[in-house]
Structures are given as C-alpha cells and as structure tokens.
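Just below sit the structures, each encoded as structure tokens.
Shared between the two complexes below is subunit A, which pairs with subunit B and subunit C, respectively.
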Partner chain A sequence: MSKRKVKETHMPVGECISQVQMILRERFCHQRLPEKPVGMESQHKHLLELLRRTAVHGESNSVLIVGPRGSGKTMLLNCVLRELLEVKDVNKNVLPVHLNGLLQTDDRIALKEITRQLNLENVVGDKVFGSFAENLAFLLEALKKGDRSSSRPVLFILDEFDLFAHHKNQTLLYNLLDVSQSAQAPVAVIGLTCRLDVLELLEKRVKSRFSHRQIHLLSSLSFIQYLDNVRSQLSLPQDFPDTKFYDEWNDSIKTLCEDQLVVDVLQSHYNSSKDFRSLHLLLMLALSRVSASKPAIKPTDLLEASRVCMVDSKANILHGLSILELCLIIAMKHLNDIYEGEPFNFQMVHNEFKKFLQRKSHSIHNFDKPVVIKAFEHLQQLELIKSMDSSTAKIQKEYQLMKLLLDHSQIMEALQKYPQCPTDVKQWAMSAFG
Partner chain B sequence: MQEGIQCSCCESEQCLSVIRGIHSDDSVEKTFLGNGRNGDKHTCICPIETLVWTNDYTLVQRARCNIDCHCLSMCHCLSMLSCSKQCSYPSIFIYGHRATGKSHVIHTLLKELELPYATVSCVECVSVGLLFEQVLLSLFGSDSASLLSRNPSLSDFVRVYKQLCVQASAKQTRYIVLDRAELLRDMEANLLPAFLRLQELVEDNVTVILLSEIVWDKFRPNTGCFEPLLLHFPDYSKGELQQILSEDSHPSYSPELYSAFINILLGVFYSVCRDLRELSLRLSMLKFQPLFSLPSVKESDTHKLWRNIEPHLKKAMQTVYLREVSSVQWEQQLKMEEKEAGAVRGLSAHAHVELPYYSKFLLIAAYLASYNPARTDKRFFLKHHGKIKKTNFLKKHEKTSNHLLGPKPFPLDRLLAIFYSVVDSRVAPTASVFCQISSLVTLQLLNQVGHDDQLDAPKYKCAVSLDFILAISRTVSFDMVKYLYDFL
Partner chain C sequence: MVRYFTRLRVRRIYKWGGRPYIFDRKLKSYGFEYLNMSVEGQEAVTTVTPGQYILIEGNDDEYPFVAKLLKLFGDESHKQKKALVQWFLRLSEVPQNKKLLLGRSPHPQEIFYYLGRACDDEINAESILGTVHVRQDNSPPGTKDTLYVKLSWDTKAFNVLDPVLMQDTSASTPPKPALPLFTPCASPTATPVSRGPVHHALPTPDPTVMRRAGSVSDTRATMSAGKRSTLEAESIHSASKLSASKILSAKRRGSAADTPGVRKKLQLSIGASECLYLRMKELRNSVCFPCFLIQVTPSTPRCATPCIPSRTVPARQPGNILEEARARLHVSSVPESLPCREQEFQDIYNFVESKVMDGTGGCMYISGVPGTGKTATIHEVIRCLQHASDMDEIPTFRFIEINGMKMTDPHQAYVQILQKLTDQKVTADHAAALLEKRFSNPAPKKETTVLLVDELDLLWTRKQNVMYNLFDWPTRRHARLVVLTIANTMDLPERIMINRVASRLGLTRMSFQPYSFKQLQQIITSRLNKVKAFEEDALQLVSRKVAALSGDARRCLDICRRATEICEHSASHPSSAGLVKMSHVMEALDEMFSSSYITAIRCASLQEQLFLRAVIAEFRRLGLEEATFQQVFVQHRTLSRVEGLQPISLSEGLAVCQRLGACRLLLLEASRLDMLQRVRLNVSQDDVLYALKPVRD
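== the complex of A and B ==
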C-alpha cells in the first residue's frame, strides 16, 4: 500500500489530548495490561512453561511468586494467563479460580468462593460435608466431564498468600497443596505474596507438600533501562489515529527524557524505589497537568510532581498549628534533647513552657493551664504525640507519660516555613538548652 | 495556542488542565479556542468558570458560591477526577487539619459535576455491614442493599458489587468518599488495604477517596498496601480566616465594624486555636447586643470598643473556649453581670466541692503522702525529730521534683499517721473516718492502687491538683506550703 493512499486524520487538539489522557491513564491506573512486561523475560517464560504443563499435559504444580509491593506480580500473572488462554483448547478446559487473602479471611468463606467460581453451586446444593478435604474432593470430582476420564485442570490463584497462612490450621493451603501432590486432578496452585519469608509461615506438613518453586521479582533494572521504561510508558502506541500529533508527542517525550532536570528527578526517584507503581504515581501527577493549551509534558511538570510525591506530610501538618501548640512542641523537643529521648508528661512540658515565658518571651501571653491542656490534647489527637503505655492503671492525664513522634530536623524545618513565627519562639527553638 | 492565559484566583496556568479532565464535550474546547484566537476576550479562566461554556451556567454559579478560598487545592482535586470514559487512580488520600474544607470541597465538586458517588462517615459505622450497606445504597439504589446478608463480610460485599455492576455497568467513574478515615484502622484489619485496591478487586471503574486529619504514614499496614495519591489541603491563613468569618455579618452592624470586631477576636484567639469551627463557635457566642450597644461608644471608636470587649474576650478564653460553659449560660451570665459585679466563672472554679471537715484533712494528708517522700515524714510531722543531716535537704535536681513526676502510691497506715498529726484535735479511729476515705475514692479525689482484694493494706494515690488542694487548705486555715518537700 502506498503511503500516499493512507488517509491522515487530523483531530482538533482537544480531542487528541483527550485520547492521550485516556490511553495514558489506562496505563497508569493499571487497567490495561502492557504488551509484554518489562525486565521479567525469564520469569515470564518460567511461569508460562509451568502453567502450560498443567493446562495441556495435566501435570500438577505449585509455585510462589514473591516480590515487593508494586513490582508487578499480578501484572506478570495476568500477562501469562492472557498468553495461555489464547490457545483454543486450553481456553475451553482450564478453570481459573481467583482467591484473595484480603477478601477470603476464613477457610469456610474461601470454600464457598471456590464453589461459586467453579459454578458448582447447584451440584453441591445443601450437602453437608464432614471435613474440608471431603468438600474439596467432591468439587474436583464433579469437574470430571462425562466422556473424558480425566478432569479439567484448575488453576488456583491465591493473592496475598501470606494471609492464608494465618488461617486456623492452614486447612485451605494444606488441602490445595495436598491435591497438587496427589494424583487426584491436575491442579496448579499459584501464590502471590510480598513477604520474602513466606515459607517460614507455613506449617511443616504444608511446607513439605509445597514444591518449593519460587519466582522472585526483585527488579534488577539499571538506571538506563529505567529511563527507557519511562520513555516507553509515556509514548503513544502506533495505532494512534492522528499521525502528526503522534509524531509531535513522541518527539516531545524524547526530548523530555534527555533533559537534565528530568534525569535528576528520575534519578532521585530511582534511588528511593525502582518499582513500577511509584513511577506510575509520579507520571500520573505529571499527566494531570496536560491540557489543550499545554499539549506536552514539560520538565517543570515532572519537577512539581516529584515535589508533591516527596513532601513530608508531617511538616504540612505542623504548618497549620497554632503558636501555643508550636511552643509546646518546641518545649518537648528541648526535653528530648536534655533527657535524651526519655518519655515526658504534660507537667514537665508545661514547666518548660513556663520557664520560656518567664525568661525569654515577649510576645506570648501567659495562658491558663486548662487552655494549655486543651492544646496538648489537640496534639494528641493529631497523633504527633503518643502515650507510652496503655495500661489500665488510673493516672491523671497531666502525669501520663508521652512520647514525641517528630524528629528534631522536622521541627526545625517546619519552623522555617511557619507563617509569621515570632522571633523569640524561633530563637528559643534554636538555643541549645532551655 | 492558548499561551499566557491566567486564572485570576490562583494565577496558575494549570487550571486549564482540568477542562479536559472534566468534560470531553467538544463544545467547551471549540468555544474556548474561538475566543482565544479572536484576541483575548476573557482574561480569567478559573476552571469552574470555564464550564460556563457548556451551558451549565447554574452549575457553575452554585459551585463558585459554595467553595471559597480553595482554588488551588480544588484545581488539584479536579484534575484527579476524571471524565466519563477515562480511568481514575484507584485511591486518593486527602489530609489536612480540621475545618479546612476537605469534605466540603469534595462533596461540592462531586455534586455539582453530577458524578455518581457514595459518601460514608466512618464515625457512624460501628460495624462494617453499615459501611457496605450505605455504599451500595448510594451507588446502586435502594434494593441493592437487600442483597447483602445480615453480617456481611468483605467477600460478600465484593461479590454483590460485582453482581450489581454487571447489571448497571459504569459509564462514569464511581466515587466512594470515606470521611474520618482514621477510624478504618481500628476496624477489621483487611478493610483498609481492600478499599485501597477496590478498583482491582471489583474490576470496575471506581475510586475511593479517603479524608482524614492524620498523615498517611500512620495508616500504612505492616506488610504494606497499595499506595494512594496523597493530596494536602492547606490550612487557612489569618487573612483568609478573617475573610470567611466576616462573611456572615449581623445586619444591624456595618461591615467595617464587624470586620474590626473579627480582627480583635482573631487577635485574641488566633495564637491558641486556628480551627475555623471553634472560632465561629466563639464568634456566635460573642455576637450579642450588650457588647455593641454601649451608649458611650460610637461605631468608629474602635479603641474604646477594644477596651470594652477585651476583658470579655479574656474571660471567654477561660470558660467558653474550654467548653465549660455553654453559649446560653454565657449570655445569661453576662446579662447578670451588668446588674452585679460578679466575675464569670467556669466549672473549674466551682470545683471545690464542699467536703466535711475531716475529709478535707484526709485529703490534705493524702496529698502530703503522695508528694512527699516517705523519709521526710519524720521531719515534718514529729515534734522532736532530732538532728537531720543537712545533706538530705540539698536542693534537688528539678527533674525529680515530685510535682513533675506525679503522685506516688502510699499505704493506708501512712495516710492515717499523717492525718493524726495534721488534725489538731484528738481523733479516734472510728468507722466514720474510714468511711470518709472510701467516699473520697468514690469522688475520684483519691485513686485506689492495686487489687480490690487487698483488704489488709490497701494503697492509694492522691488525684487532685495543687491549686485545688491549696484552695481546700485555705478553708481550714492550714498552711500547706510549709509541709511540702518540693517547696522547701
């Protein structure tokens, strides 16, 4: 086909931007799977091979996918499943069952969910089973088709696997892994978890039935690969209708990724966390500034987005405190400095505050004790201070021991940004003792 | 292109991004472009005002009237919310001080832009079932909640939600707003992580917005969770507070007088409290006739006004701010004060309960037992105590002052010993004396330490403050300070 015959569609800028937003938002809000996951080729192959053996050859397997939060475990699994289900006979036979540790908090609930997902509710009906194992065996038996001698392969996908290990006696895990070891039916048990020590949580009998096959997703991207990933995430796909806009956009993204400011921002992000999720958060914030009047992402957008991501929330809260509350925090800081972090009570803080009022302050009024107590309680509500012991012994509230949950440097930084801070308060904060 | 168009309220160009985010209506963009090319017909494009072009004029006006002083945070919120066909981030966490307008802005935005949403305040949800019911009711109508069983678990909720989604598929992003989200931490442990990833669990276009006063770092569960988008709602500055409080002025006063009054009020209360709710409460209590209708003061004489009002404000700080006196009582007391020259007192001043004579001495003895170390009893309470080495009474380090550390427990025998030496008349150890000790415990002026079963040697602690005990000792003419170790 000659290039001249290809019709070039031009859309108004607004429409283009809206399309761009839609495509990129789908990527960043994890609603659309990528074509193939980045940096996980070997893991992808391994998992695909394993599941194919279960689905096609009827071999039972169990595997654990382990990786920190946001490293792409669910994404990997979904990509593999998508590829697996492209084969026609696999699609017809295989039954995936998705369980989640957050939802199925009990083995009973889990069993009901399994029954429901296998569409065997009518078959089970009102039967009462003696044990979990009987119930599970009945379900798997029921999956045997009439004419074929073997039963359909079932893929049990257990999200938040470590939460299942906290159930009573770990019956669900035991039975599933037992089925995967014995020759009852072709079953694959795939667990996804963020804990590296998940095997320690399993009981001995459960652990011995597990095949000890683990796929680790510890992201090993170098910074160059990370930058490439950013560029590809922000670029538009080939099938974008308006080709002129597509070229412009991709060029602007290319220049963006070569800008030094952007590289520095991405470097600092890469140093704190390499996973995809935090990257998507950053790009989402940068994307929200794209509009019809500004149809490209500028370096300042990324800088601003990075600033929003890395802000210290406690400093923001300190910004909104009243002067009295701020003075109390400074008094607590001094107590921490003098007594090296030992817990204090309200009387000590009030004493410290009174010393400041007598000696150094000109602008702060001498408030009554109940007013100061109210300010102290407000700080407690904001969880900036916490009581040390929650014992039931009756201690008057002025004498309860508390701990300050703020760092020295956080307080000093917040003081710099505090609006209209009186100078005597600032000087008191910076003085070494009292 | 549309360069250089600025929003007059927040003076940032980013406002324009929200236009596309909200309405993918072409009419917006075309009119906008048209006017720009014709040479700057308008200079102010606040995100809400641009919606004028979509014929939703009433929508705009209402939204504008309802949201004040929050343009920048509103812009951020708007840009996060999505228009119909787009996805939105699964969870958003908005934090800021009390009364900074978080719920107000979110609700106004969601209502005025007519997005489907459900709002639940976690304070009302004593059980998770209530939470689920309310969400389903708001999003799917009144019959949907009946699909939930009596004690629904999270698994039931997700299942019912998926079922209802299939019947009523989402054309727009649905929003679930959870107010006072810090209480979610105390409910079941799986609730918070599940809500953060609700979009993934129910496979629907839904966003959960959490509003809270407490920072996100306190919410994170042990093994981590899906990190939401964090947005901060900044607190009001003094100028903004003044502007907001001056908005509803009393019709009989001129606005200048009223804003002068607000200025004075802020001057007194701003260093103590910046919470808009509390300040407007104080304000509503102090807005009454006597303050302003003083014959000697003319409206423009602010200095005299200040001198008249200032003592009232100071008293208000002690009583009304501490919520010891309700607004009605405050007004009555002030009216009474015009007739008599009594001072307005709060509850704490009335707190010296009338105790019988011996009970007062028992309380004094208990206070001395709690705050004096046992080894110093000999010096204070015996007539002939012999030579006491000076080293025992060197000035102690401030840290160990008993008034800073709190009361110490003492056995009953010690209390009685001190009591007998403090009371000037001879007292027989009758049951009535012991009875009074028990009533002091019931009044919570003494606390019993240790187990109830210890009948032979019960231990107590004194639970009153220094001011209180000094007031009591004054009524029985007992010089308390002489007997306290810390004031030697």
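== the complex of A and C ==
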C-alpha cells in the first residue's frame, strides 16, 4: 500500500478486506508457523533441549515424534528449528538434512540426497557421483572421520519415518542410528511418523540402536480451547494498518464465536476431528465469502462452509445420474435387500428393472438392452458398483458379479434431492419389494 | 617410473642353468648356478645369478617386491624351483604407524634393507620377475630404474645400513654390466630391464616437469596409500571416459615417444583395448602425467578424503554433575574397561593371540542378542593385542572390520576387504579374484590378518559363496587369516548355512548371554566412575527392569540418560538439581516402555471413539474379529443416535476410519475397496474399553 494511506490509517473497505484475506490465507493455507506452538509446551521443551544439546555439546541423539495426522508434528519441529537457529552459536554450526519417506523411496535415493544436502566432496553442482555402494561407503567414512568436539552436528530429519523402515535391510536407519550411538560425528536423528506401532517395524538390531525416545503429540484439547483457537486464528494482528477496521473485525469475530449456531457447527467439527488442518479448511471456505459488500464473517457463512465440508461425496454423484441409471441403482438396492448383500450381475439387475417397467410402463420409456448395458457400464466407471471377480476378461460382461458401493441411506437421501424425480420411481425405491 | 607387469599375459618359462651341485644331502636338494627366464614364444632369455638384485611378484603390479638373490636350489626332480633371498622393503610396505619414524619424506626409489625375521626368506623361484639395479649410495640415483639403499629396517626402527652387509655378497658377484639380454621389443610382460632402453630413448624431459612428477610421486609415498590408489583408479577410470579425440591425441603423444617399431609389435601381440590400457598407464607414468591429472580433477573430485565440515564454535564441555554423568552414560563414550565380559574377553583374546603367534588361521562365531557387547569386546581384544604387538610381545597383525549392514550388497564385502587391505578400488568380482590369489598363494612377508565380520547374516546369498569364501580362506595354508564373525542368533550356522559353509566355519563358537541385573548395575557404576549422580535404588530399578525385558545395555544407558534429563527439568534451577531419584527413573521407564495406544484412544475425537466402539459392537455381533466398513458404519450410526449426536455422512465416516487406520489403531485393507474394506483392531478389545470407560463417566 502507498505511504499516503498509512498516514491516514483509514483505507477503503475493499483494501482492508484484501489485506484481511491475505493475512488469514497466509495462516490457513501456507502453514505459517505460529509464534508458539499451542498445547504442546512440554514436548516443545523436550525437543528443543535435545537438539540444543546436539548443537552445543555435540551429543548424538535419536528421537521419534509420533502423532496422528494434522497434530502438528512438522509444525513443532519447525518451531524448534527456528528457535534453535536463532541462537548465534548454533546458527552456523548445525547441518540440517531433510528427508521424506515419500520422496526418498529407497536408500539409494536417500543417500544421494544426504550427500547433496551435506555438500560433501563428491558433489559437483547438485549432482552426486558414484555408485550406491560407493556413496554409502563415502558417507559412512565422512561421518566416521568426524568426532564429537570438532565436527559440525548433522540433524537428520526423516519425515514419514515408517516408510524408511520398509527399505531393504533398513540399511539407512541402521547406519544413521549406529552413528548416533558411536563416537563419530555428532548426529541427531529425528523421525516424524503418525504410526503408533512404529517401533515394531524396526529390526531388532536397528531397534537396539534407537534410543527409544518418543515424543507423543496427542492433543487433549478441550472444546473451550478449540473455540479460543478459532477466535485467535480469525483475529487480526495488532499491527494491522487500519485501526478502525481492526477493531470492527475483531469485535465481529468475538460475537461470531459466541453465536449458538456457530458453536454448534464448530462442536460437530470438533467431534469429528480435533486437528487444525480440517479446521483451517472450514475457516478458509467461510473466509472466501467475505467481500467488500459484506465485510465480516456471518454465522450462515460458517454453516454453509460446514455443509460443503461435511457433504457426502457419493450422494453428490448420484444427483448427476440419469433416470435410467438411478433406476438401475434402485434395482440393485432391491437385489441387495433380497439377497442380503450377495453380489449380483447385470442380468439380474436388468430383470428387476424389466419387472418394474412391466408394472409402470407408462411412466418410463422402455429402453433397449444395449442402452441399459451402457448405463450399467457408466455406473461402473463412476465406481458406484465394483466388480468382484479378479479376472475380468474371462466372463461375459452381463454375468460379471458386482457389488454396490452405496449405502441404503445414501440412495434414499439422493432420491429426496433429485430434481424432478418421477413419483413412480420414488415409490418403487420406498417399497419393500421390487 | 617403470612398470612391471605381473599379471601373466604370456607365460614365463624358468630353466635351471649351469651345473647342479648337491646342497643338502638329507633333503636331497641341489643348488644351481643361475636361472634362465624366458617368455614363451620369444627368443630372449634373462639370466639371474645369486648376488643379483631381483624383483619378485607381489600384490602391487607397480611396485613388486625387491630382494637380493642369495641362492638358487631345487629338488631332485628339478621341478620345484626355490630361491633364498635377502629382502628389501619399500616404504609403502612399512606399517602405516611406523612410517613416521623415518622422519623425512623418502625418495621414490629408496628401499630399505630388511633385518626382521618375520618373513620367510625362501621363495618360489618362479615368482621372480627380473632383475634390478640397487646401489648403496648417499646420493639418489639419476636413472629411474635404479633403486638405492641407505637404511635398514628391523621392524622397529630405521638404522644406517652397515656397509658390510651389502658388500659381502656384492663383492663376490659383481653385477653384470650387460644384463639386458632381453630385447626392448620383447613383450607386454616387459621386465624393468627390457623397458629401460625405451625410456632412454625419450627426449630429455624438461626439468621443471620432472620435478613436478617427482613431487607427485613423493607425496604419493607419504600420503595415505588409500588416496594413492583412488587417484590411480580415478585417472584410469576417467581416462576410459575421455572422448575419442583425447585418446587419439594421447596415442599420438605416446607413439611420438616410442620408436614406431616397438609400438607396432605391441599392438600385434595384444588386443587393441589392452594396448590402450597399457598406453594410458604409460602416459600416466611418463612426463605428461601432471597435466593429465589436471584435466581429470574437476569432473570427479572424489580423491579428497570425505569429512563433515568442522564447527566454528567448539563444543561446550559438560558443566555440572548431571551433564557429566550424561556424557559418560552415552553409548558412544568408550569406557576405560569393559566390565562383566572378562571370560569372553579372555577366550577371544587367547584364540586370536594363539593364531597370530602361530601364523595360522581360523574362524570363530560369536552370537548374542543386540546390546550385549559383542563388537565392543572384540574391539577391546584388538586394542589389547595391538598394544602387545607394539610392545613386541607378538608379531604384528592387521585388523580389518566389515559390517554386513554397512554395505549395499553381500558381494561388496570383497571390495571392502580388499580396499582395507591394499587400498585398491576394484569391482566385486575382481576383488574376489585378487583376494583369492592373495590368500591362497604363498607370499613372502605376510602378516596375519584379523577380519571381523559384523552382522554375518546379511552376507547370506543364495549360493552362499561370500560366506563360503570367508570361511574357506582361513583354512588355506598360506592365508594367515583369522575370521571373527558376529550375528544375533545362536543357531545361525545350522539355520541358514549349507553344510559345506557350516563345516568350514567350524565349531569355535561363543554366545554372549544377555546381561543380568547385577551386571547392568556394574556397567553403569563403572561408567559413572565415581560421579555421584544416581541414587543406589534408582540404578537398581533401571537394571532390574531392563534385565527382565531384554538385557540390552544400550537400553539401560539410554534410560539412565533420560532420567538425568528429567531430574534436571524437575529442578527449579539446573545447578540445584540433586541426585537422580526413583521417581525420575520411573518416569523415564514409563516414557520408554509404556504403550501409547491407550492415551491415543483417550485423545481421539468423539467420532473416532464412537467408531472404535462401533467396531467392538460389530465384532461382538458377528463373533468374528473382522468386519467390513459398511457393517461397522451401520453400528456407528445407531450408536450416535443413542448418544444423541447427529449421524455423520458416509464420506466422513470413511475419513474417521482412515485416520484411525493411519495411526494403526485399526488395521485396514486398501482404501480402493471403499466401503467393502475390512476392518480389524490393532489393540485388544479390553484395552479399547478400558481407555473409553472414564470418558463415558
């Protein structure tokens, strides 16, 4: 923004809104680190202390950070690293190496990545030379050369740690943990994983070398704290340029969080999952409804956003089906009722459908069999039905056994909302027998 | 520098010359006046007579062994040809740690008179490669193929050589002036003598370049030999990668230096590729070597020793008692002694010592669960033996360590062994061949090799040839190899080895029992070494707990370390923290051993908890420990109605299920099966119910 506007401290509403959206999007989408991790103070202290000892005293360590998805493992680690690197002595001393189990799918790639990130001698530009065996020998020798007091500590950060345990012989893990347990270059091995049983994946030798330090991030956040968090997430920071708008916005957020409707919506969200990632998604949807003409988040916005978040994906697909396809789905539902979830084939569905047509021939056009087959195949492509046979080539299309991937309730719900559904079809669906 | 080729491309023929005279009646051995050497299919003959200096085939093609021939003798049948020699050493053959005793950088052509007795001075005459000039002089020789000797080496120190030692024989048989009976155009297995004239034919080299070449070879000799060979491997390797134009220009340069006739014959006698290889080697050794190196270095700077950059600020030393204790309790800190493994230590020590003393070989298999001090004990044994050999109580030996986990493929074991033995970098197959040769041929001046193979089970291959070779080499007569193997399971030889491998491993076995609680306690106390940081009871609790679970010393030390941290945190001020008490240890034990499933269930969201209850309800209904998601979801919906919650949609239910699956509270089938995927509990039902109970109250 221009200087003139700073002096005025009054901006047009549109300008303010775009500022608000920028600040909040940064929080919700770009995973900006908070000032201080919420609700994990002891874990934060433990990890910081551990990494500080590696950085300052050159003590080798290994630790696992375990917690469900979205519980803030990476956030915690990044906060700790940020804090660690702010210390002057440490800043130039540590060499962080970031690995991810989803990217480094085997030890060969992981080794190349480590050598590249450590900038060892066999790296020219960004390329690593040498075969797998040479790389391993090279890295091990490099780490062996170092000693506790003189070489720079290396922080190995292994994201998706459990995937590294699936590598052949767990060579990488063995070697990293072995270095951490012997008098070589100081290293800290930090694993991030969401599996609670990760230790059982480790081979006994690898397990013995792991220090068995686990930091669990299990949020025991109460709903009150959850609400507080929502409020602070939506509030504007102190240094917002327009003070008047700042007050208005923060007041509106405060009233919003006290609204019963909003509390209900958030409660159901809290019941479903406590992680902040899904919360951010919800708030993001609500935020995108804010505009210059409506410069605040209204309870209905949040309700609408929650509806979008919670909606059943398959029911949505059902709304887009043709009447014929819907009829086939209903026929399948009846078959499921009759045969108690046993698989069916096209011929059975077609017979059921024909029976319906014979009774109510006036309401629905009599389709040819090829047309019905086409509709059936379309359903299969949408994965609303799934073939049960492993070898599809052998059996004729009409007689392949299928299963319906829809629940009773989903079908009924879709029928209610289906635009201009013929009453006969609705009644057929309701009736107990085809 | 001249190259001597030992890899036989053409067979050499050895014939006795002169009249035999009876040398020893009892052994029925005959002495001979001289030995004629010729190359198959060639006219030229080299004659070797006692008193001459000879080159003997060794492991290093470039630097064969040097010795003075004292006597030639053979048996009655004239089939076995033997020779008695006086050895000379190159500096590269002097043990690494003794090289510094020289106190100066050696001349590349300098050799040392060998006064030790560890080497067999009787050799196979058929390993003689040719003759060489050796002078005893203070000034380094001008010509390149003359070696000179100034000092003697008696395995402990360098001394000025007594001239009498050299003269007594050299006076009796003065070196023949016209040695090169071998014509220069002989063959690729050119002996130094034959190669001499070629080099004389070179134009006089520029003195500065010469100096540079000299300095390169000088540093080569002093530099750790590892670098040397990598450097070589490097240049050969990269030379092969050079573009064709470069090869051509190299060829041109090479042929300019040689007489065309020689080159032609060479090309006829050996394959083109070999010729190229030869030429590259030649080029590298000739004057243009330094400029060649400069071309190579930027692309593959692998010759540098790898190391982690050193830190700018020195590591801080431990400040208080707890920090001191923590540093001492770290697994990596090497204790002054290894308590509780005295018997095992003694057994291994005796085994290795006896083998080293006798100059024989053998295998030993050591088993034990992780963290029982197997590797540490062996390292301790080797440290003691090395000390003993420094004190000259036992002969010198080499210690080599490989680890099955630290290699990418079992066959890499050969590469690593060879690299540690000779600093050569070759492929696995070639390394196996070289090691086979090394261990099966009687080589002079051989010291015992002690090989530690850690994590043996990972060297398993389908044909088990790696294991077979490792255990077969010690049985060879001239191998002098002691193999110590480590693995975790006691019955590994019976389980995974085929008979011929297990039989070669033999029955010298040892198993390390898990530590008992008393031993663990002793280990901690000895590590702490009078640093008073723990209460006696706290130590006992840790060691009893660990001994009951695994007997893993690493675990024990880790717990103690964690306990000191907890103690430090619980104190208001770090310096005021007292001893580590029971409560701290209990907390550390809880952290490490307690399962987190129950806390995880308690911290799960309401819908997740409801889903777990639905799973249990469905299991009870079915009487099975497995249900499809669809079935569970029906239960889930009913339960949420009972609880007065709004039922969630199926998509959301699946998301809940996936979340539980991701942290492995549930075991799920692949998610593409959608609502037909089967669900199982990864925790016992009782645990789930126990975890959920307080929540409902």
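Just so we're on the same page, the second predicted complex is superposed on the first by the 392 of 434 C-alpha atoms of A that agree within 3 Å, B and C clash if a C-alpha of one lies under 4 Å from a C-alpha of the other, contacts with A are read in each partner's own complex, and residues count from 1 in each chain.
The working rule: a residue touches a chain if its C-beta (ideal position, glycine included) is under 8 Å from a C-beta of that chain, and two chains touch if they have at least 3 such contacts.
The model shown is predicted, which means the values in this text are computed figures rather than measured ones.
Chemist: Mind working out whether A:Ser322 is in touch with subunit B, subunit C, both or neither, as first, second, both or neither?
Modeler: first
Chemist: Now for A:Cys194: first (subunit B), second (subunit C), both, or neither, which partner does it touch?
Modeler: The answer is both, since A:Cys194 touches subunit B and subunit C.
Chemist: Could you tell me if A:Ser288 is touching subunit B, subunit C, both of them or neither one (first, second, both, neither)?
Modeler: first
Chemist: Return first, second, both or neither, reflecting whether A:Gln104 touches subunit B, subunit C, both chains, or no partner chain.
Modeler: After superposing on A, A:Gln104 lies in contact with subunit B but is clear of subunit C.
Chemist: Kindly classify A:Arg69 by the partners it touches after superposition: subunit B alone (first), subunit C alone (second), both, or neither?
Modeler: After superposition on chain A, A:Arg69 lies in contact with both partners, subunit B and subunit C.
Chemist: With the two structures laid over each other on chain A, which partner does A:Ile17 touch: subunit B (first), subunit C (second), both, or neither?
Modeler: first
Chemist: Now for A:Val311: first (subunit B), second (subunit C), both, or neither, which partner does it touch?
Modeler: both
Chemist: Can you list the residues of subunit A that meet both subunit B and subunit C?
Modeler: Dual-contact residues (subunit A): 68-69, 194-195, 311, 313-314, 383.
Chemist: Name, in rising order, each residue of subunit C that touches subunit A in their complex.
Modeler: 298-302, 304-318, 323, 326-327, 330-334, 369-371, 405-409, 412, 415-416, 455, 458, 488, 552, 554-555, 558-559, 561-562, 565, 569, 591-592, 595-597, 599-600, 602-608, 630, 633, 637, 645-646, 648-652, 655-656, 659, 662-665, 673-676, 682
Chemist: If we count contacts the way the header does, which residues on subunit A are in touch with subunit C in the complex?
Modeler: Touch residues, subunit A against subunit C: 45, 49, 56-60, 66, 68-69, 89, 92-93, 95, 107, 118, 120-122, 124, 129-130, 132-133, 136-143, 145-146, 148-154, 169, 171, 174-175, 178, 181-186, 194-197, 204-205, 207-209, 211-214, 216, 218-220, 268, 270-274, 310-315, 383, 386, 403, 405, 407, 409-410.
Chemist: Could you pull out which subunit A residues touch subunit B in their complex?
Modeler: 12-15, 17-18, 21-22, 25-26, 28-31, 68-70, 74, 100-106, 109, 113, 116, 162-163, 194-195, 277-278, 281, 284-285, 288-295, 308-309, 311, 313-314, 316-317, 319-324, 339, 345, 347-348, 351, 364-365, 367-368, 370-371, 374-375, 381-383, 393-396, 398-399, 419-420
Chemist: Where on subunit B does subunit A make contact in their complex?
Modeler: Where subunit B meets subunit A, its residues are 1-3, 5, 13-14, 16-21, 24, 26, 28-30, 32-33, 76, 79-80, 82-83, 85-90, 95-97, 100, 153-155, 158-159, 188, 190, 193-194, 199-201, 205, 213-218, 223-227, 229-230, 232, 234-235, 237-238, 270-274, 317-318, 321-322, 348, 398-399, 403-407, 447, 449, 461, 463, 465.
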